[in-house]
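By letter and in written order, the chains are A, B, C and D; residue numbering begins at 1 in each of them.
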Amino acid sequence: MIIVMKPGTHESDIHEVSKVLESLGLGIHISKGTERTIIGVIGDKRVLNDVPLELMPGVEKLVPIVESYKLAGKTFKPEPSVVDVKGVKIGGKELVMMAGPCAVESREQILEAAAAVKKSGAQFLRGGAFKPRTSPYAFQGLEEEGLKLLKEAQEATGLLLITEVTSEKAVEIADRYVDMFQIGARNVQNFQLLREIGRSKKPALLKRGPSTTIDEWLNAAEYIMSEGNYDVVLCERGIRTFETATRNTLDLSAVPVVKNNSHLPIIVDPSHAAGKTQYISSLSKAAIAAGADGLIIEVHPNPRCALSDAAQQLTPESFDNLCSDISKMADILGREFRYAR
Amino acid sequence: MIIVMKPGTHESDIHEVSKVLESLGLGIHISKGTERTIIGVIGDKRVLNDVPLELMPGVEKLVPIVESYKLAGKTFKPEPSVVDVKGVKIGGKELVMMAGPCAVESREQILEAAAAVKKSGAQFLRGGAFKPRTSPYAFQGLEEEGLKLLKEAQEATGLLLITEVTSEKAVEIADRYVDMFQIGARNVQNFQLLREIGRSKKPALLKRGPSTTIDEWLNAAEYIMSEGNYDVVLCERGIRTFETATRNTLDLSAVPVVKNNSHLPIIVDPSHAAGKTQYISSLSKAAIAAGADGLIIEVHPNPRCALSDAAQQLTPESFDNLCSDISKMADILGREFRYAR
Amino acid sequence: MIIVMKPGTHESDIHEVSKVLESLGLGIHISKGTERTIIGVIGDKRVLNDVPLELMPGVEKLVPIVESYKLAGKTFKPEPSVVDVKGVKIGGKELVMMAGPCAVESREQILEAAAAVKKSGAQFLRGGAFKPRTSPYAFQGLEEEGLKLLKEAQEATGLLLITEVTSEKAVEIADRYVDMFQIGARNVQNFQLLREIGRSKKPALLKRGPSTTIDEWLNAAEYIMSEGNYDVVLCERGIRTFETATRNTLDLSAVPVVKNNSHLPIIVDPSHAAGKTQYISSLSKAAIAAGADGLIIEVHPNPRCALSDAAQQLTPESFDNLCSDISKMADILGREFRYAR
Amino acid sequence: MIIVMKPGTHESDIHEVSKVLESLGLGIHISKGTERTIIGVIGDKRVLNDVPLELMPGVEKLVPIVESYKLAGKTFKPEPSVVDVKGVKIGGKELVMMAGPCAVESREQILEAAAAVKKSGAQFLRGGAFKPRTSPYAFQGLEEEGLKLLKEAQEATGLLLITEVTSEKAVEIADRYVDMFQIGARNVQNFQLLREIGRSKKPALLKRGPSTTIDEWLNAAEYIMSEGNYDVVLCERGIRTFETATRNTLDLSAVPVVKNNSHLPIIVDPSHAAGKTQYISSLSKAAIAAGADGLIIEVHPNPRCALSDAAQQLTPESFDNLCSDISKMADILGREFRYAR
């Protein structure tokens, strides 16, 4: 970290700041410029987390030099991590496809969806049992009943299961049914929930929040990892901007940026970003071309009858076409995807 | 709601959509334009919440005409609501001042802060016991120990107490100590928590999220109200934009917009918006001039020693000056504020 | 357009609005809902551009149903447009690559850049002669001298030329040298300049502004087209958001959205979006996978010596690798790109 | 500026960077941390504007310590500037009110508007003669004819005149009629135009662009000032965010931030920010309470007949009420405003 002092600061103020830093075991380097003096701080800056240096006399601002997360960062672990979920490896050569309906609605619906996505090559079945909805009057999910139906679909197809958890209680219940937890965009800074998942030791898919910077997102991953659970996969799903033509603005730059700053795998959710089925195929291919390790896509056997987010769920036919395209692209990009397994 | 059909849609598609609407007990009005046909929908549109009209053949888009919340809206209750917290009325003529440190840190600190803000005219003492922090390595709050210290400060000063709750468990604990719950910006769409607070029947201060539209914010209030708790006060605290000179961009337009669309009271938090003490006085005065019903401000007896958000906490002296200014402005604006009670 | 009347509006106000619409030759359709009356307007709404209906008594709001542009829209021309620049077709099966340095700096630099990008398969040489820079103290371009050097590079390689024009005077000068004008992001709503280019009849590349919605961008294209110049190509180059890890947030959803709403070709500029060379290859491939008709990329024979935007210019080697990758992807996507022509 | 080197950089790379800096006459300070080495740069960094240090081997990133503008900054001139326009002082104790219609439409309209705003206390008459409009089919202004009508209104009332200029030609024409130029939000980075106004030596009101940071805005002011015209007044008018309840999000924090970083006066335009008359009074009072030096407000004798931006123009009556309120607030805030002069 760099401490920038105000123009014309007294020597005594500089001395005062230096003393505090030294008392915390940090090294310092003072550099006097034509207008300002700056103080470089050397050592583990986490001891400074709760020290309000910016309020000391003469201090103009603090400039962080290294990122605020540690376990999630490339400096801590330079080689890419592979998260192994019962044999399916996320972050390796193979592309991972998670697919299924927005919400589990009925036995028939989830069994039909599972059979369809399995056939096109998906390794994971997704399906919401606990649904966070903007309006309290909208469908809120089948809860444990939905998880049982997911389990039945798993028995029929062998697909791995992933579902969103929205509270500590949901974690406890879902833990008995699914292979991977999903933390939704609205909960990316629900730190209580992140810690709970950290303690659970089950692999977690951490969606980016609509107004979360990549830096804050990696700090959210750090919450899970700091509890000892290192099996975290990131998921870009669009950020909130001024543009209203799509539900959110898919930030595909996040893929190379995350690959540059972190060792964690990253997949992309084009369904929530676009909000409209006609854009999902384009954005899915773009995500894979950008270097994503996989996709999570909403597929419904009969989207017109869906109880939530109908406009963004693909039909099994469209999903199958997309998987076929992805499979062809995978080769060119040095990846692998077994279409129609 | 208006349903816009695509150019050149078949009569049969229009007929199909009409049939669905009529089967749900809704009235329709068909209007054929030069390029498109539109269908006006008449009746309580909440029956459409889970019907994916946008996927029916021929449908181009749906255009909502009325807001999606009901209990929080002006149509439901045209006159302004006053939330009465043990005799202190929020939303009436009197301006309400909530003040205190970001986090409760020690007995001495909270007692000193309470005495100071009481003297300048505050009616509420604020102080965080459960602190949501971006980094897992930062100070996370004293939890129940902090609430006990708040209670002691209340006994010494008679101030009402408000604290942030971050989980169902925190609600349960805090319920025994404080007079009003605060839902923080990161939890504005933590629907589980909103429902829990709705069931608690204790008055709640609902902060706007950094990327929440005013419409979504009023829907979050609706979650609390739909459980039977109508004592909701809104709090604008800045939204996330591209500008980095301030921590967030305080959206003071939200004050007249909320007053126009809702009957709920609204106060403003300049501390989190600005992130720097030197801007808090300007923004506080601006908030009151814009029509806010009060302020919530961070005050620390010794900001330089604060364990969190040090840069945005006022000294008791600065806070006292601000209260004196607010008191003078109140008269001009037809409000009331008893400075130095 | 739909006119939504306030709840409880008098019949006479509805009558008044209807009269104004009918006097302008528009048809109307009145629909009375349970809470509000709405008036559907039928006919060419451009006659309403300067009529402030929203101020008439009883009017709550206006809801546009069709887009505000006409010549740029799919309704006006459903099949995709191909812009032919001296035989190179933008928007057809072939992908178009425009490449070259941010700014023309010297004879040696531009000749070397031209030879390199030609060799890898580019059809256009780009190079700034008039440079808009945030700070007045930064390098501002060689102006006409730069255009002469571009011309010389064209003679040596046969590449087509494109350059940014920043004023009417620049249009007049550049018209004598280049094959296509570029309108930069900062000038997307410089309507004087847009009209001037409309009158020039030379093909134009219209960059999206950092805070321009897709709708406003198509209206900017409409300015050029309404003067009779239909040879407009759009260029997505990133929008301004809260994220600071990249210079701008590349909005690749804009590619399928533009293809859905407009017949105009669209290419992508990953250099300005990313601002850092290490992300350009990923984003270029993503843009092509999303369906873009081409790319415009900054390439400098010696980026370390560049006089502007050094951090985002590729070396000829990196550019060559990228072209090779794009060429392989083109086949899979049903497009064509002749690498190393 | 601070240069942060990558972890594990070779001594020789550090040496190389140091050599370049020293060759440019800059001082350096090397500080070796536990993970990274950083190099502090001492001296006038403007010599580095065109040196791509970020591309040198081993360099991770550059961290600016001081702002990029000079003449517009507080370091250059610590005391506030007062811009004197023919005796009316902007930035002094007196609040300045600029008012008038969005566009000059007719002789009758502008004379009526001028008489009204003069009566309520305005010192400036505003009125657009060159109108930048999103759609090419909307009213574009009366051009020189409009300026002549403004002049006539000046003769009748003695008000000073301000009008927006959108091109070098408009500057040339308007220069013969008005007392102050306005640079609109869309032209804040039209550098050609800024330089032209810098050369004109006439006072200029520089609006903030919808996606311009405060730092870029002060750099735009620097363009004007670097040509020798120091009479620049800034005008906050709202930025583009995700919120759609108002046309733009008025960023009132910009007022204290500008006062902190620059010596230039700043006024506020609530009309374009709100886009709706019902919010203008609240926001105007908030702007003054935040410390603005004045306001620019759209007033139309008959808003319902306005040819542009009808929804945001106040009636003379509403404007008069607002001026009365502002006058009362002025005293409390230590300012002055002569209502109904």
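As a convention for this text, a residue touches a chain if its C-beta (ideal position, glycine included) is under 8 Å from a C-beta of that chain, and two chains touch if they have at least 3 such contacts.
Since the structure is predicted, the reported quantities are computational estimates derived from the model, not experimental observations.
Interface comparison, A-D versus C-D: the higher number of contacting C-beta pairs is recorded for C-D. Ranked by how far their CA centres sit from the centre of chain C, the chains are topped by B.
One finds 27 Å separating the Cα centroids of chain C and chain D.
Rounded to whole angstrom, the centroid-to-centroid distance between chain A and chain D, based on C-alpha atoms, equals 39 Å. Residues of chain B in contact with two or more other chains: 211, 240-242, 244.
Chain contact summary for the complex, chain A toward chain D: residues 2, 4, 7, 27, 29, 31-36, 38, 40-44, 63, 65-66, 75, 240-242, 244. For chain A in complex with chain B, the residues that touch the partner chain are 46, 49-50, 52, 54-56, 68-69, 132-139, 166-169, 186-187, 189-192, 195, 209-211, 216, 219, 222-223, 226, 240, 303-308, 310-311. Residues of chain A that touch chain C in their complex: 211, 213-215, 239, 241-246, 249-257, 260-261, 273-274, 278-279, 282-283, 285-291, 325, 328-329, 332-333.
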